[in-house]
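Got a structure here, written out as structure tokens. Questions coming.
Letters are used for the chains, namely A, B and C, taken in the order the chains are written, and counting of residues starts over at 1 for each.
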Amino acid sequence: MVVTYLNLIIQGVLLGGLYAIFALGLSLSVGVMRFVNIAHGDFIVLVSFLLLTIATALHINVLLALVLMIPVAFGGGWLLQRVLLQRVIGPNVLLPLLVTFGLSIIVQNGLLQGFGADTRTLSAGSLDTASLHIGGFYVGLLPVLTFALAVALVVGFDWLLYRSRIGASIRAVADDVAAADLIGLSSVRVYAIAMGIVGVTVAIAACFMGLRMNFDATSGPSRLLVAFEVVVLGGLGSLRGTLLGGIILGIAQTIGGQIDGAWQVLAGHLVFLVIFLLRPQGLLPRY
Amino acid sequence: MPRHQRLSIAVGRIVLVGAAAILAGAPFFLGAGDLTVLTEFLCLLVLAWMWNLLAGYADIVTVGQHAFVGVGAYTFYGTVVLLGVDPYLAFAAAALMALVIALPAMMIVFRLRAAYLAVGTWVVAEVLMLIAGKLPNFGFGSGVSLPVRVAREFGARPDERFATIYWLAFALAAATFASTYFLLRSRIGLGLTAMRDNEEAAGAMGINLVRARVICFLWTAPFLGLAGAIITLQKLRISPPASFSIIDWTVFVIFNVVIGGIGSLEGPILGTALFFILREYLAQLGTWHLIILGTLSIVIILIEPRGLWGLLRRVLGGDLIPVSHGARPGFGITRKS
Amino acid sequence: MAVSSSAEVPLLSIEGLSVYYQQFRALHGIDIAVGQGEIVSIIGANGAGKSSLLKAIVSQVDRIEGRIQFAGANIANQPTPAIVASGIALVPEGRRLFPSLTVEENLEIGWQIGRKGSGVKLSEVFDLFPVLREKRRQPAWQLSGGQQQMVALGRALLADPRLLLCDEISLGLAPTIVNDLYTLLLSINQRGIGIVLVEQDIRRSLAIANRFYCLLEGRISLSGKPSDFDRDTITRHYFGS
């Protein structure tokens, strides 16, 4: 019994790593550009389909496809911000919400049109089934790698935002966009770079989501809700909080799923709501 | 205002009143098929007005409005079929239950800051839908049909029944319109309009904006619940995916209001009417239907955030249904220097 | 229009500049010139259009008419980052530091916005403002008003400007601190950097200026060398009586 639950918690923690990766990009776009991208989950699913297409067409491993995808995703995020979102961000939060809402529906239905309604997964060859034997537990190698990657990304983002020069300008624009524009620090440029970075996180999330779980054209919203819950649970703008939020949600879903398969998603939402009502500022708020 | 504009506004008002009169008498000259479409139109119009009240005036962008439609549907089924209550009382129960659910939902949603609020409402709606799928007496995830005897209470013959359901939808739409109109012209509405245009001015008017927003949020719930009950009566079936359909009761509604025009009472009418006209041509296109609507809404936001009505208003020189007194310059999007 | 004797072609020359905010017109076709390495003071009462002038130079107003030439190139309606990168740095009113960035990060923003290959070193700024060296790792919001003003000045200096625009740098600061800042401005000027000083405090800014312009309701009411006019004349043109 205890062993079962310990095992579930380990699985939940590892799943939480994936959820943290979902949330990193959302956290950055909220923290810097002050808007929630409703299409975040749909973009993740879109890139999963693209990775599937590239890997199949070129007969390459999906992880290699991800490496090829990363610069494209950066460019995609950059372009989206520059061409579309830049026109609507500002004091009125309604407009970017509605535009990304429209994008969400367009992406979902575009994917339905292009790829049909079938459920897909990605495969990375033998990595899919490899497992490790640690302290009496068998854990999949892929979940462990995903979790390690999540930790690395959190550390990397921390470095990028708090140690690098581009990070300083991103935080400057997040602090006071009017002051930045006034002294000649182009918020348009900084926003586009930030959205490019979001694009990179979306690509990584897309790859590891596809390796880990099924997806179809309409899976986007549920990924968005997970990312959103992780960001709010962790505390706005907190990178370590993102990891913690992901882990809590991962554990809640895994244990909920054990009780009854149908309870997996609901358990995650309910745990989120309870913690949110007790601690609306999040578990590790930055400010 | 120039004379030709005053004239065109007068003509616009006559068209509006004429359309309302035609709708009021529709069962006398339309068949069951057309009435069904019109019932659906009126229900969607109610949803559009309610979404617009929140997004266009109260600064609450909800993506979870389908939750209250679903709650209304399930409550209606529960009271009428499981408890055997009189169907007309069941409508009251549907409205009341939506309001009851809105209270805890409000506690969650209002703790979220503006940009997060939208997704917060979605989480709440998702939870309610998932819970609805776990209810044993409501057919779990696959739902259940209404017994024919319930439908018979609204008319022995099908065409009688369709007429009664249509009247109910018409009465709901009329009540929604009238009460929202008076809400917007009350101190609360004035405060919200002032907030939209200039936050400081609203503060100076001494209006408690948080309270005004809370009232709007709660205001919409019973109307959404009633719409859910009427939709259920028409479709004679409840199920989590259909009764809590985000596409039907939220996505389409948002597109209708955005395309028609946020922040006016005319916009939702225009958008919903256009939606039904377009649907005649686009519905068979399947996924393209939604892609086209999504693209259209984004293009409209880029051109005129106040939608088609915002464009028309420039031509007409004013609103047909004046909600705010005097001029209204912006919609929070005027650039401040 | 008097042009500084230190150069034949002025560093900055503005002709017929009008500034509009929607329907409101803040400046009415004014002419201003700043020579190489010159200190020019812009004085005027609240609302006379002083800040609008500075913001117009860096393209941060709704709409302008007229010509703005900087170092021989037309900069009117250019994007702000391009103007700053060409060698004009603004020390904005209210300092406008980025509160969550450290002192050092705030200063380094200057490198990013400034002239390409800016040769100004962080250590030079710390030599000018030694107190900032100790506080380099602190968030900017923890500093006193005077120290924040030093960071704002330092940020502008790291952009390696040829022209420094200072908007109300003494506002809200203790007199001794203002004295220190003005001493620093002189030493900055000695590096050959032109300075436009916008101040409501006439006495101090006129004391270090080579020339001045007095604005009244969006028009130039008086200009010349501070020594050419007595105090009463300047006060009269300042208040428009």
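Basically, contacts are C-beta pairs under 8 Å (C-beta built on N, C-alpha and C of every residue); 3 or more make two chains touch, one makes a residue touch a chain.
If you're wondering where the values come from, they're calculated on a predicted model, not measured in any experiment.
Geometrically, the chain at the heart of the complex, using CA-atom means, is A.
Most remote from chain A, judged by the distance between CA-atom centroids, is C. Computed centre separation for the pair chain A/chain C is 44 angstrom, with centres defined by C-alpha atoms.
We define each chain's centre as the mean of its Cα atoms; on that basis chain B and chain C are separated by 54 Å. Between chain A and chain B the centroid-to-centroid distance comes to 32 Å (mean Cα coordinates, whole Å).
Shared contact sites, meaning residues of chain B that touch two or more other chains, are absent. Only residues 55, 59, 61, 63, 107-108, 111-112, 114-116, 118-120, 122-124, 126-127, 130-131, 133-134, 141, 246, 251, 254-255, 258, 262, 286-288, 290-291, 293-295, 297-298, 301-302, 305, 331-333, 336 of chain B touch chain A when the two sit together in their complex. For chain A in complex with chain C, the touching residues are 165, 168-169, 171-172, 174-176, 179-186, 189.
The part of chain C that touches chain A in the complex is made up of residues 55, 58, 60, 79-81, 83-85, 89-90, 92, 96-101, 105-106, 108-109, 111-113, 155-156, 159. Per the touch definition, chain A reaches chain B in the complex via residues 30, 34-36, 38, 84, 87-88, 90-95, 97-99, 101-103, 105-106, 108-110, 112-113, 221, 224-225, 228-229, 232, 262, 265-266, 269-270, 272-273, 276-277, 280.
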